[in-house]
Amino acid sequence: MINRTNYTVQQSPHFEILSENQKERIFNGMMRTLQYTGAHVHHEKARELFKKAGCKVDGVTVYFPPQVILNALSTVPAVTEIFPWDGDDSKRIIIEKKRSYFGPGPTPPNFIDTETLERRKYLRKDASLVARVCDALPNIGYVQSLGSISDVTNGLADVYEFADMVRNTTTPIMSWSFTREGCHDIHRMGIAMAGGEEEFKQRPNYVFYGEPISPLVSDFHAIDKCIYCAEHRIPQVYSPCAIGGGTVPASHAGQLVVALSESMVGVIASQLINPGTCVIIGGVQSILDMRYSVYSYGAPELSLLSAALTEMVHYCNLPMYSTAGCTDTKKMDMQSAMEASLSINAAMMSGANFVHDCGYTESGLTGDIFQTVMDDEIIGMARIIEKGVEVNEKTLAIDQINNVGPGGHYLYEEHTMNHFKDNWMPSLMDRNSYEDWVEQGSKTMKDRIIEKTRDLIENYEGPRNKVPEKADNEIEKILQEAEERQKKEKK
Amino acid sequence: MDLSKITETLISGKSDELKKLVEEAINNDVKPADILNQGLLTGMDAVGQKWKAGEMFMPEVLRCAKAMSSSMDVLRPMLKDDDIGNAGTMIIGTVAGDLHDIGKDLAAMMFEGAGYKVINIGIDQSNENFVNAVKEHKPNLLGMSALLTTTMPRMGEVINSLKEAGIRDQVTVIIGGAPVTEEFADEIGADLYAPNAGTAVEITNEYLQNK
Amino acid sequence: MKINQKINKSTKFKVLSDDQIEMIYYAALEVLERTGGNVYHDGAIELFKNSQAVVRGNNVRIPSFMVEEALNYYPSKITLAGRNKKRSLHIQKDTVAFGTGSDLPFTYDRKTGERRRTTYKDVNNAAKLVDALSNYDFLMSHGIVSDAPNPQTYDRHQFMAMLEQCTKPMVLTSVDGEGLEDLWKMGCLIQGGEEEFKLNPLFVAYIEPISPLKNDRTAVEKLLFAAEKKLPAMYTPCPSAGATAPATIAGMLVQSLSETLLAIVLCHLKNPGTPLIMGGVTTVLDMKKSTYSYGAPELSLASAANTDISKWLNLPMFSTGGCTDSKILDEQAAAEQMMNLFYSYLSGANLIHDVGYIDHGTNASLESLVLNQEMMGMVKQFGKGINTDDDYLALDLIEKVGPSGEYVTTEHTFEHWKEWFLPELQDRSDYETWKNNGSKTMLDRVKEKTQDLLDNYETEPMDEKLQKELKDVIKSADERHS
């Protein structure tokens, strides 16, 4: 044994895009923007709240002095945990710096049909299917629906989605809603699954997602839902989809300033309402493709901006909601894979907390569970990099090198036996010899993805039968009440 | 005596324990052919199936192969020629100019695991050495490998030397290595080609059974 | 104006801490003192015998001070010039260059969709594509010329196939010392003599040991020839964790570093100051399929860690990226190639080779070379980092546009959007446009571009007299070996 002192280890590799000075400049840019440019807040009660805290309010524009921002940042918790409803802590989410969880994204209108492989409208049955498949994928850490349900009563897609998903996966869900009412319905379901309001506060089992509008606008419902979540201490995301060269400046630093500023409005509101409630910021950061005027989900700029924003958000001591695993392709092909591979590895190395949009295709317009299954494999590979290289006397293996000697081999070594399973084992990546590959049908990765996904759909049950009867009935009741409410509203 | 214990111990790759069990069986007058066929080979078959199904990994398979071959050291002197069946003697080596030996070693271990007596003559072997080894050990199988395209043609030269020495028909020749193909094997007049060490034994056994 | 600001001009990525690197380095020195390496070459054994090294038969053990003395003589800069005389490839701290790999026995046939033996024409075509595609900085042969008159002289023919269609600097494999000498002679003819070649080397000699710790005759011949002529060379182990190296990444790096250090000492004994590049392909043996994996995440991790070590030692680094285990171009190929391109680039390795490899380093694909052009572009874009100058921070603009405004029509956007990555092969059209254009896949577009380049791109031709001189060298080699 060699004794060693004053020794530093790189436990897990992450990269650094911004220097301290650069972070300061962007942070100060955010403070100046909120102070002198301000933000629109289309919510009277919220504006009053900000005014009382010391902000200047002029019409719908709110100007935030630095002290209000710094106060809000000082009360956001350093760590928050989200619990799977069945008590299986292997799926617990710990929200703290440099701990990454990957998941799908919310609300595209279309979905790739798992039978026909054609694009069609997203249906109610898809929500439970996505939840169930995600439940089985080892590298998916939280779940979103990959669509917006088109075949239920208008205005209730959010509530039905949560009701069906929560009963088909124990992996924590990130939900969304149209309005405060939907927010409330979903929260009641969360409580039902947790077994009571106090239990939910102890062990929150979902995260809520809301978004402001770029540039610098918080519409009524966004801030209204933000307030609701803060009041009920529901961990929430408040993050924009910023379009470089469209809704934010074309220069990346400018985009980061605006994105950070508009999210900060939600951070301040939540902390004024209920100091210490969990709020996560970030969002989709990419550019407007200037040839097709499409918001690109496969551009390398998405990865770069997301990673840089992660550094900024962590600089603010806030958790980060980032983006990866998505693509601009209309049908899965090599482009889908290369775009997802770049963004997933970049997000992993940035250490973002929640990384969403694994399964987004057609630039965010179509959800594709096959893409999610492919992403799951890529995330597994990226995790190997994140684990880093372990350096100690065992792994340095000087004795083994000496035992084997020049010209020997390591296949019989106890050391190999003990360590080879540390290496990653692929489930979709093919490592056959050419001959074996031909013999097994010359399949492409896409073929294997489709097989694996359909196998999960057919054979993986998920936790549907484990849902407590009481909770199940409660959820059905909430759905009925929501239907009645919508009927009344129509009248 | 229950031979399934031998099978199980073999599958778990415990070399010392297996050797003891085989010795015990011999002392209890179990027929050596039964120990081999019902005990050991049944185990190796199971290992082969698990390997193919992706349930076992290389180091685990090799550990079983090692256990098998060390038990064979004990058992082989007791066996009659008929008992051994196809699993005879194999000469294996890498041709002249090539110092790469991991692929060949892998194959050697797999053959040992299948019950063959493997004589590994090593790397960088001249044509003459191959011929002499065949003359001396009289194997029924000769394995050759090359990793470099520059040394690949040497395998053909070895086969020619065997012909010249009049002993080509005594051995079945199997070749392998990254740049080698079935087509190339036909070209140089080898009997068999294996794309990897894992399938080499299977291909060989199938061939020898139908011969 | 702010002063004393530290700005990250590119993304900073490191896998190992300095302390971890030290541990690996000391372990490698320990291996050289305790285990040593085997050297199968009489001349080299003689050199070691006349030094402070301890020689027993073919085994050579080397005391640490010899290693550190050799490291002190190391040049920190190597600059290569292609046959067009452009000094385009600078190998020095923090520079990154991409290039192909070499000697793949098979080629993916674009007509039949099956694999077959690689020919002179295939290498010719690969060279043409590398010349045409801007993200490739150097050329290795991609395939191996298997239709040369004699396998013992294939390397000279291969060099010719490369030269005919590519003006960029190269990394060359050779059969043995004699082969390397011929390649060097050809290089001298092109660059205008031995002296000019020394200052404007056209290529780096690729040499590899056999892991673990074995140096065969041909490899040592080449090393000694390179040392004699001060020809830039690389000694790059290709260990596979669990088979020819320890199963742990740290252990594999220790062994691979000791293999390289042994060669550095040998070159130093022969001729101090030989520019030798470290590196290699460090990856795992797949324990289910017993294949040497070019797509494993461990390849990326180990290569990046190895690059960290090279920077700490101030040695130039030859790393690996853009390669896959997939047998064809599919989603796996794209995902794996992108991943190892990404990490090799971020780690800052000087030369990144094997770009375009498919089928775990046995199969060549021209289309894969074209696909990687796009992926290298994306990775480079990512590596550019974030500019935080005032114009980029754009606070005045943000104030002027205000909440709920738009940026599309601003002058600022018009100035800056061109800094973004402009895709050539990636499709970003909307669904209808894509459908109306024939629902093409990435592979369709890659195939079209490949065919277009092969049909229409023209490499700057070589002087005819020079061509004849080069062919004379090859002819005389063929005659010697017939």
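When the chains are written out, they are named A, B and C in that same order, and each has its own residue count from 1.
One rule holds in what follows: contacts are C-beta pairs under 8 Å (C-beta built on N, C-alpha and C of every residue); 3 or more make two chains touch, one makes a residue touch a chain.
Just so you know, these numbers come straight off a predicted model, no measurement behind them.
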Identity of the most central chain, Cα criterion: C
Higher-contact pair (C-beta pairs counted), B-C versus A-C: A-C
Mean-CA-position distance for chain B and chain A (Å): 52
Inter-chain centre distance, chain A versus chain C - centres from mean C-alpha coordinates, in Å: 36
Multi-chain contact residues (two or more partners), chain C: 106, 210, 214, 242-244, 287-289, 291, 362
Set of chain B residues in contact with two or more other chains: 57-59, 99, 102, 106, 196
For chain A, residues contacting two or more additional chains: 407, 409, 411, 416, 420, 433-434, 436
Partner chain C, residues of chain B touching it in the complex: 54, 57-59, 97, 99-100, 102, 106, 124, 149-150, 152-153, 178-179, 196-198
In the complex, chain A residues that touch chain B: 407, 409, 411-412, 416-417, 420-421, 433-436
Chain B - residues contacting chain A, complex: 57-60, 62-63, 66, 99, 101-102, 105-106, 109, 123, 182, 195-196, 199
Chain C residues touching chain B - in the complex, by the definition given at the top: 40, 103, 105-106, 144, 146, 151-152, 154, 175, 210, 214, 216, 218, 240, 242-244, 285, 287-291, 361-362
